[in-house]
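Worksheet: one structure, shown below.
Naming follows writing order (A, B, C and D), and every chain is counted from residue 1.
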Amino acid sequence: MPYKDEQLHEEKVFKDPVHRYVHVNDRVIWDLIATPEFQRLRRIKQLGTTYLTFHGAEHSRFNHSLGVYEIVRRIITNFEDSPRWDASERLLCLCAALLHDLGHGPFSHSFEKVFKLDHEHFTQQIILGDTQVHRILERVEPGFSQKVADVIDKTYEDQLVVSLISSQIDADRMDYLQRDAYFTGVSYGHFDMERILRVMRPLEDQVVIKSSGMHAVEDYIMSRYQMYWQVYFHPVTRSAEVILSKILHRAKYLYEQDYVFKLKPIHFISFFNESVGLRDYLKLDEAVVTYYFQLWQEEDDPILCDLCERFVNRRLFKYIEFNPNQQMNEWMELHRLFQEVGIDPDYYLEVDSSSDLPYDFYRPGEEEERLPIHLLMPNGSLMELSRNSDIVESISGKKRTDHKLYYPADMLQKLPAEQPAKKRIAELLHLDLRR
Amino acid sequence: MPYKDEQLHEEKVFKDPVHRYVHVNDRVIWDLIATPEFQRLRRIKQLGTTYLTFHGAEHSRFNHSLGVYEIVRRIITNFEDSPRWDASERLLCLCAALLHDLGHGPFSHSFEKVFKLDHEHFTQQIILGDTQVHRILERVEPGFSQKVADVIDKTYEDQLVVSLISSQIDADRMDYLQRDAYFTGVSYGHFDMERILRVMRPLEDQVVIKSSGMHAVEDYIMSRYQMYWQVYFHPVTRSAEVILSKILHRAKYLYEQDYVFKLKPIHFISFFNESVGLRDYLKLDEAVVTYYFQLWQEEDDPILCDLCERFVNRRLFKYIEFNPNQQMNEWMELHRLFQEVGIDPDYYLEVDSSSDLPYDFYRPGEEEERLPIHLLMPNGSLMELSRNSDIVESISGKKRTDHKLYYPADMLQKLPAEQPAKKRIAELLHLDLRR
Amino acid sequence: MPYKDEQLHEEKVFKDPVHRYVHVNDRVIWDLIATPEFQRLRRIKQLGTTYLTFHGAEHSRFNHSLGVYEIVRRIITNFEDSPRWDASERLLCLCAALLHDLGHGPFSHSFEKVFKLDHEHFTQQIILGDTQVHRILERVEPGFSQKVADVIDKTYEDQLVVSLISSQIDADRMDYLQRDAYFTGVSYGHFDMERILRVMRPLEDQVVIKSSGMHAVEDYIMSRYQMYWQVYFHPVTRSAEVILSKILHRAKYLYEQDYVFKLKPIHFISFFNESVGLRDYLKLDEAVVTYYFQLWQEEDDPILCDLCERFVNRRLFKYIEFNPNQQMNEWMELHRLFQEVGIDPDYYLEVDSSSDLPYDFYRPGEEEERLPIHLLMPNGSLMELSRNSDIVESISGKKRTDHKLYYPADMLQKLPAEQPAKKRIAELLHLDLRR
Amino acid sequence: MPYKDEQLHEEKVFKDPVHRYVHVNDRVIWDLIATPEFQRLRRIKQLGTTYLTFHGAEHSRFNHSLGVYEIVRRIITNFEDSPRWDASERLLCLCAALLHDLGHGPFSHSFEKVFKLDHEHFTQQIILGDTQVHRILERVEPGFSQKVADVIDKTYEDQLVVSLISSQIDADRMDYLQRDAYFTGVSYGHFDMERILRVMRPLEDQVVIKSSGMHAVEDYIMSRYQMYWQVYFHPVTRSAEVILSKILHRAKYLYEQDYVFKLKPIHFISFFNESVGLRDYLKLDEAVVTYYFQLWQEEDDPILCDLCERFVNRRLFKYIEFNPNQQMNEWMELHRLFQEVGIDPDYYLEVDSSSDLPYDFYRPGEEEERLPIHLLMPNGSLMELSRNSDIVESISGKKRTDHKLYYPADMLQKLPAEQPAKKRIAELLHLDLRR
């Protein structure tokens, strides 16, 4: 039997707290899961620093990747009877689902920003480069790895396949909303996925939703909205991210200044040089990063040392609402005052802005073109979701942004009382100095 | 207001997936949670290598410690009306609950065995030694840290307090059964804790259970039984533990042989020397261990290198049922055959035996004296649980042991076919060489 | 001890699938639950005919009433520390919560419409009239029953007390959304009630919500919205209600025409005469109604007989979208055609319109003045919910109406093919005659 | 297409709180659900008088019957690949599952005992007699109704089919344990059904369980055990049943004494005469029974009147532990004393004994021969469950019985204090006369 058709002697299952069981029958999938590149995802948290806000959110991207695979598996099992569905793309869909996040690194958000990386780029490299994953995919058939990469990259010819894992209602989102809700323990993030799967229909170049299932989709969109604002953009999580970015900035800066680290940060060198190869990238997981942060608590540089100690021991920055566009003067004054009292504002004063666009219809030519969700009406026509749903319409295309200013309250409180700038800083930051 | 009575300006809550919310009102508890020693528990998994079997089991001891605190908080809130209850011990109970696992290190089970450590010893040291935790406890009142240490050590005078966190139905077990069930996703581990809390009564030197709640307790005992055999002793988890122990043994052996590591394993030196101080111990969390295991994949020693690669990439040993007491001849033959084919049996052949005694009545003088669970009968008398419950009686005092023999199937399969010992090894291990 | 302060010897609990346990400590509450008037609620379904759509929805108003009591109990336990809270109103709140739905009759919606009744009127009568409930309340203190009646009637002086059970976020709604979701099995209806309870604050004449809990309230509003459209207004449920109303109309009509029923409908006489006294009202529960409907299946009047048989055996009317305001001509044509083919349109053709206003801010002078939900901002000011929440704003004040036309498809299909009107009727009703 | 193969134009689903969705594709199943005989099950509670103990337990046998159908549907979907499985028996299995409880009447337990009925007999009659159900089954193929009846009667030739709905681990039990747990809200009754379904294998004349699934089966057996003692045999539920039986006895006795009822109990006549035909039987549902009980509250016979009032308003008997075998003297004394004080012991003093045998291996020739659960071992052999499981072994074959004596505490308390027998009665019944 050709490798691509090989079935496991007996179905294997993973016990999954979200989907109950993840079922694997294909030898190819089983082999992909066993690769070092896929196992590495166990060492990268799904939600980065969120565990410092919601202590249950310690789950890894390995978890999520299995979940996305399982959802796609269920969707295409339902599609089997549809004339539109091309059964020969089954394995391609499963592989793309399983591997879609393969390039994520530790605390992706901060690392990507500071070191100008792109995890999607590394997903492509892992699939196409010199890796076990690549070799398994090529065993399926020559060129198969490129197909998988294309699906993940959204450039694959059959856009129906792409839409399974990259659309406004794809397996990726359906898994992470439920999974992140489960592990954080919040009551948002629930929607009737079983019903959504039952009303999904493959149609030309997209998956559409039978209109009778519209309310389940509304519920999903609302879940997404709540999860973004209640979990993903939680200001405490962002405080930890700010500190994390500052650590990376400081370490890079010190490296560039020829600072001598007590232990040479070999894992970071190529990051500092912005010349990260695949091999270096794969070596840097969250265990390694955490190891360094712990080491750096004992470095001589007081800023690096302090920031690492903050991150490791969760001594985070406080925050206030702060709109940098409207409060430029305060910003400049604070910057100046921080310098005056000897607290480097480049590392200890930061505005973080988080934005979300919960759902959008198609706006050609805009920054982020999003494919809308289409309802399949009883008469066979398609109708864009927000035209049929009041609730979705109300949030459709409306970007919401939240600005916070982060600062180290403890440092400020320890300033000597006679320090003239102290009172003014406290005033600007609404900081109660008596506590 | 004295520090010990200080309340937070406003109640703080942690969202907890198991208990919904963990409530904190005491300044002391809040401060303890913020210490580096307590935050360190975030970097130690509650279930060690279990995540390699149940991918959801990535939760930390930080999670569990908050949970035990919360359960004790609820129990003693219920006790407030009881004349037996001494309200002045409230804070002591909460602190002991929160800190009871403070001395756990990375993959405790294996580390303790290989390096002859005892996490309970370190719990005592952290509470009594030069730590932030210690300083906070002493601020409550001089000598308070010793009291907390005594409660955890079970030597505290008021055994009622001790029994809240160390008995056959304590807050510790009630939390971990539910929590581990939640994160693994198994359907065992559920019992009606709310009911158990409602029927708990403080009585002299123990917590007893109103007899009307007996069935909830039966359910709890059964949950415990199932969790041990379905989760805690899962043979795949134990395979990972066997490999982990072998890594530690090998590294220690190499160190003793003056092997030159590419990077000096500074974090491990005092472990190898069996002279671990508190400071060294606190530095070694699972991030650090995982970091080393990744480094050691590139060591020159083939055994260390192979074992680390197995652990990191989850290339585990296979296993068969094997009773070392009855199969001594096979054991010796396998040992010899492994040597013959050049696979070191000291690292690649191991019997692991797991035993559990699900519940026991009191047997004075026995190895492990266990305080039984007592039911408070309607007439005010006490009756030991197993005398009243058929189910509990049936498993009471019955130790069950499971033996498995672990070996590297892949290595054996790669042996040359002409290797004469190969066939016999396969026969003894029921290994199908065709796969 | 005065009756109003009497506590049960031991707390009583009811196992509740929604709130886990309902706790009763007051003798008064215990005695009220035991009255025939309260036990009667076991014989009245919470959701009327909904069980014909969602088979799990067989739960009674008894269930719900206990749930509302329990939620109010929890809310005011949280209020105990607040200076605004008047502890002497505790028992009043609990009684009003428990008894608020006491006047509901069988299938209230239809009965009220056909017989011009008002369940709120009967709630008042049961509390103030010659009943066991009344006697228990008066034992608390003379005039107490009037206070309870006033709270339920929203005329009680202290509007804070009123708002606990009658506002846009009251215990009544919080219970029924969760309970109806639980029993129907739908995935809507979930929100974080525990959090909402924690952020409720008594303030002057209303319960307000700390702004940090806004998202939990948004989630609650969305739950409400989904439950109305997915469950409460389900077109199949409404089909059963249409038939039910028609039965009542027909029976009343026959009675007025001096039709001789095989068994004299003694329970219905005062309803037909629109002179229902308290005693008659209390006797008519759903068992009695169902009994009559079964009897009437054997009546000689073909319309009554057919309608009852439909209701009892769930042979419902079909429906299409139909806007009576815009489709007056079709309506008149159908009416005429039904007469032509001998199907009485007064009983077999009906438009049902359901409307919901999911949330509204205060509009003085409007039909239904609704008190808005107020957020308590960090600075102590109040802000109306929809001014702070995009989602709520989007549905605020927007009434949505759904119109359906109901008709007996089976009857039409059985019309002889040569019947000239048949084809035109089928056309107007989009009815496929081949099935 | 022949009727038996006819598929619905589109799959129909029922939202089910226990199994999420019940799926129907076969026209035959759809038609059976729509029959008056099946719809009648909506008017019969699954758990009889249990709702008077657990207020959530108001669900009907309609609910449960759909659930059993759904479980069988899932099991045989899994069987499709097995060579042992005969696909032509699919529809037979589904029909038998759906209809297995069709003959249940109102409060079956009490009615069967008092009127010497047998619901299984009526199930056969409904399937084989002049009913819509029968006509639909015969449309499948002549003689099909007999096959369905035989499967339910356990006499069908292919015992594998029988074992799906009648064995110690059948779809019937799996549904009711979960369903009754859900509606009562108890925490027992949970087990991993999905796993059990995955390890079920058709083998010759029975369904066996792959040994790897043994623990899930243990959990199921324990659930069953707990549900029996915590829910099904709850002493309060049995109190209501005792009263119910006494009502039926009294009404029958009065009828036999030519007592003139205010309203002739036409629905009961054939029951009193013990000559119940199918038509009469089908007419008597719980609505009708409840209607009569309400009427009878106004009868002149004081015993019938009092008992009905107790049942309707839940004024139940109290109970004590009482072993009639060992306490014959007390029993006789109480009997005599009750007569002395004018309380008829035939209606107001009753011992109820409930027994359960949680699991049994096969004991040929014994009263109730039970087919054991067999594990399919890795080597292909079968092993009886209790030989492999300590827990199951411990309760295997052990019948446990609970005896309670029921009596009307309120009546006794109202006896005049000077009544000489009062004190002695109170003593024998451990009744506190001060309350």
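Throughout what follows, contacts are C-beta pairs under 8 Å (C-beta built on N, C-alpha and C of every residue); 3 or more make two chains touch, one makes a residue touch a chain.
If you're wondering where the values come from, they're calculated on a predicted model, not measured in any experiment.
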A-D or A-B - the one linked by more C-beta pairs in contact: A-B
From chain A, the most remote chain by mean C-alpha position: D
Between chain A and chain D, centroid-to-centroid distance (C-alpha), Å: 52
Separation of chain A from chain C, taking each centre as the mean of its C-alpha atoms, in whole Å: 44
Averaged-CA centre spacing for the pair chain B and chain A, given as whole angstrom: 32
Residues of chain D engaged with two or more neighbouring chains: 20, 186
Chain C - residues contacting chain A, complex: 186-188, 190-192, 195, 215-216, 218-219, 222, 225-226, 229-230, 390-391, 393-395, 398, 400
In the complex, chain C residues that touch chain B: 13, 20-21, 194, 198
Residue numbers on chain D that touch chain C, as the complex places them: 14-18, 20, 34-36, 39, 42-43, 51, 54-56, 58-60, 62-63, 66, 182-186, 283, 285-288, 290-291, 294, 312-315
